[in-house]
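Pasting the structures in now, so scroll down.
Two complexes come next, and they have one chain in common, chain A, joined by chain B in the first and chain C in the second.
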Partner chain A sequence: MKKLRQISGHGAAALLCLIICSPVLMLVNLSFQDSLELSKAFVPPTGQDLAMPDMLPLFPTLDNFGEILLESPQFYKVFWNSLGIAAAVTAGQLIIAVPAAWGFSRTKLRFRRQLFDLYVLLMLMPFQVTMLSQYIMLDKLGLMDTRAAIILPAVFSAFPVFIIYRSFCSIPEEVLESARIDGAGEWQILLRIGIPMGSAGIMAAVVLGFLDLWNMVEQPLAFIRDRKLYPLSLYLPMLDRTGGSILAASAVTLIPAAFVFVIGQDKLEAGIIASAVKE
Partner chain B sequence: MSFLLPSLLGTGIFSVLPFADSLRRSFFRTVSGDFCGTENYRAVFSNEAFLLAVKNTALFTAVFLPVLITLSFLTAYFISGLKFMRVIRSVLLFPLAVPTAALVLVWKLLFQPAGMVNGVLTVCGADTVSFLDSGAAFGVLVGSYIWKNLGYTVLLWLTGISGISSSLSEAAKVDGAGRLQIMRHIILPNLKPTMYTITVISFLNSFKVFREAYLVAGAYPHRSIYLMQHLFNNWFSNFELDKMSAATVAVFGVILAAVSLLQRAWDKEARA
Partner chain C sequence: MVKRKAVRYFGGFLAVMLVMTFVSRMVYTKNLAVVTAEKVRIGRLSKNIQCCGTAEATAVKTVSLPEGLTVEKLTAPAGSKVSVGEELLRLDMAKLRETAEKLAREIDDDIMNGGLGGSGEVPVFTESDMPVKSVKVKAGDKVSVGSELFTLNSDRLLMLINELEAVRNEDIIGRNGEDSLSTDGETVQAELFDLSISEKQKKIDRYLKIYNAGGKVCAESEGTVTAVNIKAGDLTGQTAAVVISGQAKTTGSTAAKQEQLDKLNDLMAQQGAVLSPAEGIVTKVSVQAGDVTGGGAAVCIADNTEPMVFNADLSGEDGRLLAVGDSASLSFRNGRINLTDNRIAAMTRSEDGQNYRLTLPLESDEIVSGEVGQLTAGAACSDICECVPNRAVKGSGREKYIYLLKKEEGFLGEEYHAERIDVETVMSNENSTALKNTGLTEEDMVICTDKELKDGQTVRVSKV
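== the complex of A and B ==
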C-alpha cells in the first residue's frame, strides 16, 4: 500500500516536472527544426485556424545554430560582451563583498547592526526605487551609456555581502582565536581561515549572482542607449528576424545559465535558503 | 573597519547619497530648481498612469500571492514524503535559472491568437482568446511569474516542513490522529513563521515582475499589465525626474514597511 502510494506520487511529481520544463523543452525542440517545419509553428497552414508545432523535429538540423554562430558576428560579440559583464561584476563583487561580510561578522564596530539592516533594506529594493538614484550618480560621474553604468552599481550590490555574511557567522570563534594566538594578522585570518571555511556561502553568492546578471533587463534598458553594448538578455528580444536563428540564439543564451544551474545546484539551494530563512 | 570601508564607500556613493538627493529632488522642480513643497507628490498621486500602475501592481500582488503560496505549499507537502524529493525539488527550481529573454518566442508561440493554448481551448470547446492584447495578458503575466517562482517557494516551504520534528507527528499518529488532523494541529501551526517569511519575500518579489511583462509585451503593453517600472521608464525618457523622485520615495515607503515586517520575523526566529 505504501509502495503503491510512492509510485503514484512519483508519477504525479514527474508529470508536474514535465509541465514545468515544457517551455524549455519546446525551445530546444524548435531550435532544431528547419524553416519549413518552423513555419507551421508560427503561421497556421492555409485553411486552418491554428498553428501547431511538431513535438519533435521531423528532420533535425543544425542550420539555425550555424546561422547564428558562424554567419552572424553580431551575436558572437553580444555573447562575449554579456559574459564579460558577468565576469567583471562577479570579480568586483567578490573583492568588495568578501571583506565586507567578514567585517560585519567579525568586528565589534559601532552601528554595525544598523548598517547591516541598511544593507538588507537595499538588497530587497526593486529597481524602480534604485533607478533614479543610480542615474543621478552615473550621470554625475559621466558613466551613462558605458558598460560601467551596469557594472559598477552591481559590484556594490548588498546581496553577496548578505549571503557570505551568513556563512562567515557559522565559523566558530575559537578557531580564529587560536590563529590569533599564533600571531596571524586579521587579513591573514580572513585569507587562510575565513575564505576556505566560508567557501559555500561565497559560491552561493557567485551562482545566484551570475543567474541574476545573465537575466538582467531593467538596468541596461535604462542606462545604455548604444545597442552594441547590450547584453544578450536585452539584445535577444530586439532581433527582428523570426524563426530559426532567433530560436537558436535563445537556446545558446540558455546554455551558460543551465550549466551554472547544474554544477552549482547545491550552492544555489543553500544560498536561497540562507537568503530567506534565518537559521 | 578596513574590511568594510570599500563596500561602505561604494554603497554610500551609489545608493545612500543619491537616494538622499532623490528625496530632496522630490520637493523641487527639476527644470527651474525651485522648492515646490508637496507639488510633485500631488502631481504623482493624481497622475492617471501612476494610479493605473498602482492598481495593476496591487491587483497583481492580490492574485499572485495567494495562488503562489497555496500552490507551492501543496506541492511541497506532497513531495516532502517522496523518496526522490531532492531531485524533484531541483527540477522545479530550474525556471529560476532560465533567462526570461530566452523564452520570449516560446511564450509568443504559446499565446498568439493561433497558438497552442488556444488550440487546447478549441479542443475543449471554448472560444479562442487573444492573450497578449486583452485583459487576459494579466493572466499570462501571473501564470508566467508563478512558473518562475514556484520552485523557489517550494524550496522555502520544504525547509520549514523539514524543521518540524517528525516525532511530534509520529506521537500524534500513535494517539490516533488522522492525516488531516496532523496537518491542522501540528504541521500548519508550526509553519506559521515560514508562511510569514514566504509571504513577505513573495510580496517583495512581486515588484520585480516587470521583466516578464516587458519581454513579452514591450514598452507599451496592454493596460492591464502596465506596471510601475513601465511608468518609471517613461518618465525617465521624458526627463520628468521630479515626478519620478516623488514616486520613488512613495514606493520606497511601501518596501520599507514590508522589509521591517520581515526583519521583525527574523528577530523572532533568532530569539526562539
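== the complex of A and C ==
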C-alpha cells in the first residue's frame, strides 16, 4: 500500500514535471520541423479548431538551425550583445551589491533598518514606474542608445542586495567577532569570511540576475535604437514567424540560461532558503 | 561533479559560438552580392548619332533605245563610272540597219497615204470595250493637233496596259526560248514573236500616253470633226470613235517615226555604239547582251556633274533626337574625306513608321554617286533628366529598372539594400541613359554586381 502510494506520488510528480517542461519540449520539437510541416501544424485545415503540432517531427530537418547558426551572423551579434550585457551587469551588481549588503547586515549605523526597507521598496517598484526618471537621467548623461544605458541602471539594482543581505545575516556574529579579536579589519572580514560564507546568496543573486538580464526586454526597448546594440530578446521577435528559424534561435537562446542555472542550482537553492530565514 | 562538467560544457558552448560567429560571417560574406555604385547625375544627355548612308545623284540621265534592236555587247554594266561620250553598249548593226529600213518604208507609206500634207478623213480609234468618261467634241467642231476629243476611264486603261504588258512579256519569254534553239525553222517563229512584241509595245506606248494624260484622247491632226460615234458612259467599239476631216498636217506618229529614224541613223553612224550622255555612274541597266530592246530606258546614269545628296536611314529612337536644319558631319572612304557642317535638309518617316530617312545636300567634287559614307550628328536630350550609366539599367523592352542603394542601420552596423525602381528611358548614348521622371536626385545606384539581385536584398558595396 505504501509502495503503491509512493509510485502514484512519483507518477503525479513526473506528470507535473512533464506539464511544466512541455513548452520547452515543444520548442525543441518544433525547431526540427520544416516550414511546410510547421505551417500545417499551426494553420489547421478548415473545420478544425485547434492547431495540433506533431509530437515528433514527421520530416525532421536541421535546416532551421543551419539557417540561424550558419547564415545569420546577426544572431551571433545579438547573442554576444546579450551575453556581454548580462556579464557586465552581473559583475557590476556584485561589486555594488556585496559591500552594500554587508553594510546593511553588519554595520551599526542609525536608521540602517529604515534605509534597508527603503531599498527593498525600490526593489518592489516595477520598471515601468522608474522608466521615465531613468530615461531623463540617461538622456542628461548622454548615455541614450549606448550599452551603458542598460548596464548602469541595472548595476544598481536592489534585488541582489536583498538576496545577499539575507545570506550575510545568516553568518553568526561570533565568527566575525573572533576574526576581529584576531586583528582582521572590516574589509578582510568581508573578503575572507563574509563572501565565502555568504557565497550561496551571492551565487543566487548571480543566477537570478543573469536569468533576468538574459531575458530583459523593456530596458533595451526603451533605451536602445541602434540595432547593433540589440540583445537577443529584441532580435527574436524580428525573425520570420512563419519559418522555423525563430524556434531554432529560441532553442539556442535557452542554452546559456540552462547552463547558468545548472551551474548555480545548489547555491541558488541555498541562497533562496537563506533569504527566506526570518531575521 | 555535475557543476564542474556544466562549467566545462558552458565554456565549450561559448567557444563553439565564437567559432560559429566567424563561420557564419564567412558564409554570409560568400552569399552577399558585391556591387559597385555610382550617384545619379542630373543633366542633359548628349549623344553622337552615327549611321551609314549613300551618296546619291539628284539628276539621273536615261538612255532610251528604239524598240526591236538587239544588244550585241554591254560595255558599261551597272556601277561603272562613265564620262560623256563613252560607250555604254553596242547594238547589232544588221538588226539596226533592218529596223531603220523598215521604218523608212513606213514613213514613205504614211506620206503616200496622206499622213503628211494630204487631205481626207482621219479616224480616231481606241481599243474596244473601253468605258468613255466624257466626250469633249461634237460634229462640226474644229480641232487642232493636241485638242482633247474624249476621256477614257483611267482605271480600265491601266488594267488594259497591265494585261498588254503581261502578254508582251510572255512573247518576249517565248521569243528568247526560240532564239536559244536557233534552228532555221524556228527563226521564222522568232520573227513572228518580234512582230507581235513590237505591235503590243506600240499599243502599250499609246495607251500609256493616254493614261499619263489622265485618260484624255487628243487629236493628232487638224480639221473638223465630222462624226462622233460615242457618248459619255458608252463602251468604245471596233469603229472609229471620232472622225476628223480637213487639211491634215504632219501627224504626231509620222513625226515620231521620223524622229526614231533619225535616231537609228545616228546609231548606225556610230557603228551601233550607244554613248553616255553624261558623266556619272551607271546605276541601272535593263538590257543584257543578246536582248531585244523594248523601247524604254535601257540605261540610267547618275549624273555626277549635278548636285548630290546623302541619304541615310536612322532608327526611330535616334531619329526623334534630330530635326531638319541640324548639323551633321559626313565621312567617306574610311575617313579620308570628311565633310563638316552639313545641314539636314529633309527627314521623312518610313512606311512602317519606325525609321527615318535623312537627306543632306552633298557638296564635294570627290564623292561620286553610290559611295557609302557615315553620318555623325550630335544630339542632346531636350529636357534635364536623371542620367545613369547604361550598365545600371537592367531589363529589356519596356520593362526597365535600376537598383538603388539604401543604407540602413542593421544588426551588423551599416547595411546596404538594393531597392528596385522601375524606370522609363528617354535616350541613351554609348555610356549613359537618361531616365524619365524618376524623381531621383543624388541617390547611389548599383552599377554592377557579381550576383543577380533581388528587390530588398542586402548587398556589399565595394565602391561608391
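Throughout what follows, the second predicted complex is superposed on the first by the 255 of 279 C-alpha atoms of A that agree within 3 Å, B and C clash if a C-alpha of one lies under 4 Å from a C-alpha of the other, contacts with A are read in each partner's own complex, and residues count from 1 in each chain.
Assume a residue touches a chain if its C-beta (ideal position, glycine included) is under 8 Å from a C-beta of that chain, and two chains touch if they have at least 3 such contacts.
Everything numeric in this text was worked out from a predicted model, so none of it was measured.
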{"item": "Combined model on chain A where chain B meets chain C, clash or fit", "value": "fit"}
{"item": "Which superposed partner A:36 touches (first chain B, second chain C, both, neither)", "value": "neither"}
{"item": "Contacts of A:215 with chain B and chain C, given as first, second, both or neither", "value": "first"}
{"item": "Contacts of A:136 with chain B and chain C, given as first, second, both or neither", "value": "first"}
{"item": "Angle at chain A between chain B and chain C, C-alpha centres, nearest 10 degrees", "value": "100"}
{"item": "Comparing the two partners chain B and chain C, which touches a greater set of residues in chain A", "value": "B"}
{"item": "Which superposed partner A:272 touches (first chain B, second chain C, both, neither)", "value": "first"}
{"item": "Touched partner set for A:253, first chain B, second chain C, both or neither", "value": "first"}
{"item": "First, second, both or neither for A:13, with chain B first and chain C second", "value": "first"}
{"item": "CA minimum distance (chain B, chain C), superposed complexes, angstrom", "value": "16"}
{"item": "Chain B and chain C footprints on chain A, overlapping residues", "value": "260, 265"}
{"item": "Chain C - residues contacting chain A, complex", "value": "2-3, 6-7, 9-10, 13-14, 17, 20-21, 23-25, 27-28, 31, 409-413"}
{"item": "Residue ranges of chain A in contact with chain C within the complex", "value": "69-80, 83, 226-228, 230, 235, 255-256, 259-260, 262-263, 265-266"}
{"item": "Touch list for chain B against partner chain A, complex", "value": "1-4, 6-8, 10-11, 13-19, 21-22, 75, 78-79, 81-84, 88-107, 109-110, 112, 114-116, 118-119, 122, 128, 147, 150-152, 155-156, 159-160, 194, 197-198, 201, 204, 207-208, 210-211, 214-215, 228-229, 232-233, 236, 241, 244-245, 248, 251-252, 255-256, 258-259, 262-263, 266, 269-270"}
{"item": "Chain A residues within the chain B interface of the complex", "value": "6, 9-10, 12-13, 16-17, 20-21, 23-24, 26-27, 30, 41-44, 49-53, 95-97, 99-100, 102-104, 106-107, 109, 115, 117-122, 124-137, 152-153, 155-156, 158, 161, 186, 190, 211, 214-215, 217-218, 221-222, 232-234, 236-237, 246-247, 250-251, 253-254, 257-258, 260-261, 265, 268-269, 272-273, 276-278"}
